[in-house]
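For reference, the structures are reproduced in the following blocks.
Both complexes shown next keep chain A, but they swap its partner, so chain B is in the first and chain C is in the second.
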Partner chain A sequence: MKRAENTALSGLIGPVAILIVLLVVPFLAGRYLTQVILFGLITAYLCGAWNISAGYGGLLSFGHAAFIGTGAYATAIPLVYYGLPGWLGMLMGGAISAVFGFGLSWTICRFRVKGFYFAVSTILFAEVLGSIATRSRYLGRGMGVPLPSVTNVFTLQFLSVIPYYYMALLLVCAMVLITRHVERSRLGWYLRATRQSEDASSALGIDVTMVKVIAMTLSAFLTGIGGGMYVLALRFCDPYDVFGIMFSTTLMLGTLLGGRGTVYGPIIGIAILTAVKEGLTFTAEALGGMSSFALVLMGWGVILCLVAKFVPNGIGPWVWNRVAKKTLV
Partner chain B sequence: MALLEVRSVKKAFGGLIALDGMSIVVEEGRIYGLIGPNGAGKTTLFNIASGFYAPDAGEVIFAGERVTDLGSHERCARGLARTFQIPKMFPEMSVVDNVLIGALSRTKEVKSARSYAEEIVDFLGMTRKKDALAGSLRVHELKRLEIAKALATKPKLLLLDETMAGMNAVEQDQLIRLLRKVHDAGTTLLVVEHVMHAVVNLCQHVVVVNAGRMVVEGGTREVLANEEVIRIYLGEDDKC
Partner chain C sequence: MTFELIIRALLSGILMGAIYGVLGMGFTIVYGIVDLPLFTHGVFALWAMYFLFTLFKYSGLGPYPGFLLLFALAYLFGILLYKTLLRFILDIEHEMQLVFALGLLIALSNLALIIFGPTSLLLSIHWLERVVFLGEVSLKTAMIVGAGASVLFIVCMEMFFRKTETGKAIRACSDNRRGASIIGLNVNRMYAIAIGISLVCSAVAGLAFAPLVPIYPDLGFEYAVLACLVAVLGGAGDMKGALVAGFIMGLLLSVQQMFYDLTLARLTLYAIMLGLLMVRPTGILGKGKSFAK
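Our next item is the complex of A and B:
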């Protein structure tokens, strides 16, 4: 028992140390690095939301951008048109996304669409919402919606990146706590069970449809909030970005890389992806004439292949099993 | 009192008629054996009784309630549990966590569900294996795990699909003793079994099915001596 407590405590050392480093970053790093880490934090938070439904529950959504975009527009439009505060927009974005997530997953489960077809349905859903945004005059068509550059604490608008940085850090911490809570709850066990065998789950009294719908609704709600945060920090709502397949892909990539179905996996994965992206962007600029976007995608692809080949459960669990467990326990 | 009643159930898969007006009645508190040649419809009957298939016609009544349209999880909540012929476990979870999933159907609280799951694991004699991953178990251990998971849902009626297959004689005898204990604790059992030794030693009642219909039922010894049953099993002109 004593030993178990010691392990639990020593398991906290890493996360707490990283949290302290992240807390002081804005004071030590320049604006550029702070901004890079800010968007890393937002993406890590969004990864965490994807992780709940896909990592734990095996619901392979390729279209979480649908919820990011919903959150983004639900924040940007009321703020720009009606001056409603950003935090209200984030909550509305979460609520509308939750309704979408509920409707989508209920429909998909009702018609027993599984695996590959489930994934395709989610992509199409994001594309449908995206094409509505690019065609509606109210939603700014393909031009998107720019947010005014002002500082207004009430509407959560700042010229400095630092307030956004701490908001994003708060979201990531909240995501860690939510994920830990879900992981240990009955819902968490039911999610892992349905991922591993739907027949066995259903024979043991699990309402598989209900579990999937709850997971998707929760994940969509959290993603919607993150979409609002993203658009506030970026100060621009671009339909091709927030509803884009690239955003969905980044969430999947980060979670798979760091370790799906783990609390810290998404954070580790996004940390690596962000570092590689920045490194390769600088390399591309130094080389000149090379598309940095293409180079970044190639770099991510190579990393994904290596992880799939050598550490299929993700880097987080691998590090934990190889290093941490041996030195700490 | 009839715990489970299957009334003239029909089920076809394309052109293949698996059940052709099957009716059986399971009385509370007994151990039933369900026997018949391969393809007789035993597993299909299990799948319909437990809610994995919807019948084309007919009804399923459990504990006096019509459950034909209920999902398997709702039947489980009412006390109808099953095992699978080919074990279906959660391979990335430990043995005790597999059982925990079953126990969570009765207790919302994870902690108390876990202690109940550990009791069940002990009861099935799997204590030494409780932290092993289910995906690493051998066939006879998986068969036990199937029973453990189902028992953790505290069933009134347990449908066991060929749990003896793949076990040696010693393991079979252990399992027979164990199933008697389960029965003594108040669970009605309906057992699909090809191992006759187990049927004779475990079941008080036998139902024989063939070609999607119930043929004979009655006390184990009379049924097994029945000429019709011997004909079904050994064929018409057997000179042995």
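Our next item is the complex of A and C:
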């Protein structure tokens, strides 16, 4: 018993230490590094959102960008046209995404679409929404929607990255807490059971459909908020970016690499990916002329393949198993 | 809406449909026979296109030897791909197979982007540029040739899988892997051949597309999705279904393009497919694999 208590509390020391470090980064690091970490944090938050439906629920959607884009546009358009405050836009984006998530997951569960067909459905869903955004004149067509560069605390518009940085940090902390809460809640147990065996779970009386739908709706809601955050920080809403397959893939990669179905997995995954990204960008520039963008993406494709084959449960659990074996045995 | 336009839309729909069919067939073979949801095939078609472009631009090799070279290389690459990579992901969980396929798709797409750059390339072969007139309807020779090659290839494949020993052996492996190896079939070799063939399918599709569209890296993803849709519509694993599905999609896209632009046509197509995936995943002819595990 005592040992368990120790682990529970000492389990928090690491993350808290990292949190403290992250809190002071903007004051110590230059603008570029702060910006890199800022977007890393936002992406980590989004991975955490994906983790809820995919890591815990087993619903690996390949098109979560659909929700990112929805949140993004729901924030950007009202802001640009009507001056709606960013935070309100984020909430609205989350709500609309939640509706989409609900519809998508309910339809999928109703028709028992599984595996490959599920993946293709989610990809199509993101593509359809993206095409709508690209075609609609109201939504800015293919050119995207630039957000005005002003400073307005009320609407969450800032010229410097520092306020956004702390907002993103706040979001990540919230995500950690939410994930922990879900993990320990009844929903979390239901999700894990469903992921392992739907038949056994429903035999035990778990409403599998409801569980999946709740997970996806929650995930979509959180993702929508993240999408809003993203465009606020970036000050630009590009349909090929926010609805793109690459954004969906980034979410998947970060979570799978770090450890799906774990609280800190997404953060670990994105930390590694950001390091790899910066490293590859540096290499590409050093080699002169090579598209760093393409090299990074290629690297991620390779990492995805490696993760799928060798560490499908993520590096986090893999390392944890090694460490736990050494300390407990 | 003139009569000629309608006829032209219908004809080009059917012709393009044949090409979509062979594109989808590549995926159908892999998913139906080897049971790998490897939706990477669009990228292989893309690479075929780049290969042809480079070949014709930099070497004096005529078109026909060029095509044969492409097919041979595609086949060999398929075998190599199976032996070095795909063999090892046969037994990992289904979701991870999908993730792997996505990773491969992205890696190959961006490799193409790195090597060939983001600008569109245009392949032009003189005798393919000409336009054929049927009455007052104009059709590109390239489209007719491409469609012809596709149909020819599909028919050959049907024959191969139906009539030849190897074809039947491959089908046996797909029906029952363990059983096939018990009776002495070298399953790995059969799978390798199947993958090789599926890559040649992609090569044929790439070859058919190459003179028709500007070549750029994002096409990889686009064709990958298209191949998936054709395969799903036709029933994953059913070759005749893939062809029929190809025709349907070709017609749908072509007719819609007549009324509005390609983006909206594609959008509607995706939306329809999305609906279809939900309701009838076994595909049009009902012979495809049902819901995945």
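Convention: the second predicted complex is superposed on the first by the 311 of 329 C-alpha atoms of A that agree within 3 Å, B and C clash if a C-alpha of one lies under 4 Å from a C-alpha of the other, contacts with A are read in each partner's own complex, and residues count from 1 in each chain.
Just so we're on the same page, contacts are C-beta pairs under 8 Å (C-beta built on N, C-alpha and C of every residue); 3 or more make two chains touch, one makes a residue touch a chain.
Remember, it's a predicted structure, so these values are computed and weren't measured experimentally.
Contacts of A:Ile206 after superposition on the shared chain: chain B is touched, whereas chain C is not. In the superposition on chain A, contact is made by A:Ile123 with chain C only, not with chain B. By the touch criterion defined above, A:Ile245 lies against chain C but remains apart from chain B after alignment on the C-alpha atoms of chain A. Using the contact criterion defined above for the overlaid structures, shared-chain residue A:Lys114 touches chain C, although it does not reach chain B. In the overlay built on the shared chain, the residue A:Gln35 is in contact with neither chain B nor chain C. For chain A, the partner with contacts to more residues, out of chain B and chain C, is C. In the superposed pair of complexes, A:Ala193 makes contact with chain B only, with no contact to chain C.
With both structures placed on the common chain, the touch criterion links A:Arg184 to chain B but leaves chain C unconnected. Of the two partner chains placed by superposition, A:Thr43 touches none, neither chain B nor chain C.
Against chain C, the residues of chain A that register as touching in their complex are 58, 60, 62, 107-108, 110-117, 119-121, 123-125, 127-128, 131-132, 134-135, 245-246, 249, 252, 256, 290-291, 294-295, 297-298, 300-309, 312. Interface of chain B with chain A (complex): residues 50, 52, 71-74, 76-77, 81-82, 84, 88-93, 97, 100-102, 104-105, 108, 110, 113, 149-150, 152-153. Put simply, chain A touches chain B in their complex at residues 184-186, 189-190, 192-193, 196-197, 199-208.
The residues of chain C lying in touch with chain A in their complex are 31, 37, 39, 85, 88-89, 92-100, 102-111, 113-114, 117-118, 221, 225, 228-229, 232, 236, 263-264, 266-267, 270-271, 273-274, 277-279, 281, 291-293.
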